[in-house]
Amino acid sequence: MISWDLVANAVVAGILLGGFYAAVSLGVSLTFGLLDVVNIAHPAFVILGAYAAYMMNSTLGLDPILTGVLFTPLFYAIGAGVYRIYYASFERRGEESLRGLVFFFGVLFIIEVALSLTYGVDYRLVEAVYIGKSIELGGIGIAFRLLVPCVVGLLMTLALYLFLSRTFYGRAVMGVSQDQVALRLMGADPVRIKTIAFGIGIAAASLSGALLITIAPVVPSTDRDYIGRVFAIAVLGGLGSIGGTLVASIILGVAESLMATLFGPSWSLAVSFGILLLALAVRPAGLFGR
Amino acid sequence: MADPLLEIDSITKRFGGFLALDRVSLRIRAGERLGLIGPNGSGKTTLINCVSGALPTDAGRILFEGRDVTRLPAHRRTRLGIVRSFQIPKPFASMTVLENLGIPLEYAGLARAHGAGAMEILTMIGLDAKAHLRPSGLTQIEMRKLELARAMAARPKLLISDEAMAGLSSAEVDDILAILFRLNEQGITIIMIEHIMRAVMRFSKRVVVLDAGNRIAEGTPAEIVRNPAVEKAYLGE
Amino acid sequence: MMRLRTSTLPGWALVGAVAGTLVLAGAGVLVARAADPIRIGLGMALTGGLSANGKPALMAIRIWKDDVNKKGGLLGRPVELISYDDQTNPATVPGIYTKLLDVDKVDFVVSGYGTNLIAPLMPIAMERKLTIMGILGLANNEKYKYPNYFQIQPSGPDPEANWATGFFEIAARQNPKPQTIALIGADAEYPRHAIAGARELVKKFGFTAVYDKSYPPSTVDYTPIARAIKAVNPDIVFVASYPPDSVGMVRAAAEVGLQPKIFGGGMVGLQFTTVMTSLGPMLNGIVNYDFWAPEATMMFPGIKEFFAEYQKRAKEGGVDPLGYYLPPYAYSAVQILGLAIEGSKSLDQQKVADYIRSNEFSTIVGKVRFGANGEWAKSRVLQVQYQGIKGTDVEQFRVPGKKVVLYPEEFKSGNVIYPYSAAQK
Amino acid sequence: MKTRGALAVGVAVIGLGLALAGLGVNPYVYFAGYVVLQYVVIATAWNVLGGYAGYVNFGTPAFFALGAYTSIFLIEALRAPLPVLILSGGLVAALLGLGIGYLTLRLKGVFFSIATFALSVVLQTLIINWEYVGGAKGYTLIRPPVPFFRSWGVLLFTLMVALAVVTVLVARTIERSWIGRGLAALRDDEDAAECMGVPTLRLKLFATTLSGFFLGVAGAPFPYYVTYVEPSSAFDLNYAVNALAMPMIGGTTTWLGPVIGAVLLGTAQQVATVTISSELNLLIVGVVLVLFVVLAPEGLTGLVRKLRRR
């Protein structure tokens, strides 16, 4: 009794979800894919952004996504600061991978605790005019609560893509991952470039946090649900490939959504990770890997 | 050529659509000093990887001492006596220089009863003073020497030296060459891959030239220098 | 016991303090006890998944302690409370309770919040023959049948089925009687129980289940689920969910236009103030289980005073500002323990348990009598319907008429608006 | 320390454990001790793969839970006794270990870590939907009367002492054998190790299997300890974090590192649970992690080594 109407709706819902997943994963794709920094605390910064949106929404009634955009400079600065600490403690000594991982685990805990000490552990939600409304387009329903984050996610993807391909700093970031010597010849300081890129990654995380709290309620420990997802997407998309990240996000979103609609949602997450495992086994470099 | 030590029988290797080695054949006698040259991307490193077992071949056979080793994993070939050094030194960073030699000695070298111990090798190669340092404390030339010393600790019958001299000064090149000559005198067959022509020509008895995955020339150094095909490959039309 | 309050201390100082505390904790046992208080110990979820409920529960229990001590304590002795954070992790429970019993030498223990945290306490309680008050666990004693266990959650003698009985009775009473039902629940402990009970009730009331699925708790988007349910067009939708998915389902239902005749049942989270204020009018028409609502029928003696105190403290504590769901029950659990200690004039575990088993208690959540397996003798799971909610102002939830009690009959405070869509206007 | 000496020390520790068990000190010690020792097993087992071979396993919860759920299955199906449970839990987890060993053929570094993480998610979903072992509702174990010992707490503590000693002895033996040296070589450079005659695949398979075995062993008695097992606590992320953090704090290159790390961090967590008992507990873990990796990158054993060299 598979109806095409349902399938079409599921695919659309999956694409919407995928747009949001892309937003959450972009930062990881940038920091992990291009800078080789395994920032496992990325989802914690997402939640931090979500709480910023919550705070402005509950006190000033500000739109969560507008807040997200307004806060990006602050989070950029935080990200840059974190990277400087990371660089001074690990990269400069050439012992980044494993210890860096533990470092970021620590950062994740610290953010979680700071949030629950400040805001308590209640579920936090935001209010916005577009929550709870939807439109019908040719038999396909689109919820604004998901459409808006998806559109923002796509814009973020596009912006990051343009930044990386069209600007001097963007090309320098791409260069960092490939050839540090060539980068120096360009007259760019790799540490500075990486600081900028990491700052952008964290800023993207905070903005996607605003999207997250628009879609679903958030508690300080929500970040743990996203650790697996964001790295799965970044790897599946091919590290450092912005387009690949978007495609992988949509694949995961659509797979989850189709599973939920047609076969029972119970297995949807396992299917996503099954896809990842399969992809890793067959093509470790991801879909669009370099 | 009776009883070659290594016999490469028309091996082929593809990367996707790119033909890296096209039915390359080569025979090497025990005790020989063979130079393997060719422009960048000609397939030298791929050939070495196929012989050492780092890459599987798509077609063809590799015989070592008459035994088919085509399907053997790299470490088994090392134990049989095919040992290589790396172009970019890959020392075991957490171990001292002496311990670095312990690994091949334990895993491959001791399979053959005769041969030098780790300290003897270090003395011969001039690294004995640094035996208890970590590789991070070595200079560039010392790293190269460590790479060679470690290969020797596996007690090779065939040593494949992959650009052991790139970036070294002229005196340092002579230093390494002297070591290789000495090894050869001890009966070790050596394949040298090198861009430094002066070194290859001085060292090799026979030189093989690869270009675009094909063997285009073979002969004594003197013959190779005069070979028009080689000149064309290096200089273009 | 030393407590560290400031979070501004540098980390190393904290580590040093931990080491110091270890020494102090050892020495503390030897210190003679002043005034010889009665000690009650418990682990409570102050961090982790259930902490949003655990913190208010602990606050309620502290209020009880202060109330009792103001009146001169129990049996003339002051009451002292010792509590630890179980981190919502069942693996910490055995350690915490042995510490309470053997190092802190508490006289009584009370359970932590939630089925998962009560379960590991059961064998410890049984080995030591303790009297144990459970704070909101579902069917914890079904396998053990331990006589000295008592559960304050009003699920009743058959917890799985009683949970949703009211919901199904209300549905069956409508005319024309709805026929088809969809069951959806999270892949977690409570929802699985609730769905299992609901399946029995589907049979009992003669409905036809047209959809019966579950989803992982970390699901982000619930619109595909809502749409799949909409596709089979059921008359009733029964949802058993935890807070984030409850919110997800309610929003998704609104967005895809899922309009069954009755919607709700077993959604945890809609009772929380932060959730109510953010969902606002989207709640209208939902029929859902609850434990308390500010309706005239629910005004038991002492509850107003309790909420006055609780809401005062909640402001500082950063917990649920209204506290209508769990706190009064947490309070009642220790209230019953206190009454039983006074009533039996004993600190003997067995005597206190016997007293609890054979008496009825008047608590701030009404009259409580325990029956089989230590559950309430008669189920009192409420079914309420959200009606006439406008905007997202928190004050409206303090007055009657917003969460109308439909079931059980003796606490009924209004009539159901049927179908669901009619209540949304 | 010679191997025979280590063996003697091991036996002595077990004896000490038995003596402590017989002594009848405060029962709380047994429960807290069990948890700390469980972490000694977990950290040591993790380190065989993560520290010796350099493959960071994020899927520790999967192995631990597999041990626990193998026990539950065998209790439910056969009422199998504890020694059987421990062996079976270990073997089943070892099989999973062998499986991830083959993953190392294609996946290195962080890719391997992410794959193990994904594996954990998939396995958790399987367990959630497997009603026989309790599914999402969880499984309640009614413990039979305790055999030989005064209480289950004492029995489980003694058992964990023995398991910890065995695990550490095995890890130490491996570390000092040709296998340990081969693993160290492949950790430093896998290509070079293979070319120096080290059978890297076989060693990696050995490491993943053995590491999996002991992680499963650590989880096997867990149902008896908590008596209630449900997927979200059996697959708790904390196991992954602790398994990684403890060897890091102690030092990853020797057997002593994970032991020191597990005892320190494990004890600190136990103490914090019953003293600070709030969010600060997690904060301490976070701060300690950050400080350690920044200030003592080679762990405590590395720090001591460095100080001695001066």
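Which chain is which? They are A, B, C and D, in the order written, and residues in each are numbered from 1.
Definition applied: contacts are C-beta pairs under 8 Å (C-beta built on N, C-alpha and C of every residue); 3 or more make two chains touch, one makes a residue touch a chain.
A quick note: this is a predicted structure, and the numbers were derived from the prediction, not measured.
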Select, from B-D and A-D, the pair of chains that is joined by more C-beta pairs in contact.
A-D
Approximately how many whole Å separate the CA-defined centres of subunit B and subunit D?
43
Whole-angstrom distance, CA centroid of subunit A to CA centroid of subunit B, is 47
Centre distance in Å when subunit A and subunit D are each reduced to the mean of their C-alpha atoms
32
Quick check: how many Å separate the C-alpha centres of subunit A and subunit C?
35
Among the residues of subunit C, pick out those that touch two or more other chains and give their numbers.
7, 47, 49, 187, 214, 216
Of all the residues in subunit A, which ones touch at least 2 other chains?
116-117, 266, 269-270
Spell out, as numbers or ranges, the residues of subunit D touching 2 or more other chains.
125, 128-129, 279-280, 282-283, 287-288
Set of all touching chain pairs, with the criterion as stated earlier:
A-C, A-D, B-D, C-D
In the complex of these two chains, what residues of subunit D are touching subunit A?
50, 54, 56, 103, 106-107, 109-111, 113-115, 117-119, 121-122, 125-126, 128-129, 237, 241, 244-245, 248, 252, 279-280, 282-283, 285-290, 292-294, 297
Can you list the subunit C residues touching subunit D in their complex?
1-4, 7, 11-12, 14-15, 18, 21-22, 25, 46-47, 49, 83-85, 87, 89-96, 98-99, 101-103, 115-116, 119-120, 122-123, 127, 143-144, 186-189, 191-193, 214, 216
Can you list the residues on subunit D that touch subunit B in the complex?
178, 181-182, 184-185, 187-189, 191-201, 253
In the complex, the residues of subunit B that touch subunit D are 52-54, 73-76, 78-79, 83-84, 86, 90-95, 99, 102-104, 106-109, 150-151, 153-154
So in the complex, the part of subunit A that touches subunit C is made up of which residues?
3, 5-6, 9-10, 13-14, 16-17, 20, 116-117, 119-127, 131-134, 141, 143-146, 215-217, 219, 221-222, 225, 253, 256-258, 260-262, 264-266, 268-270
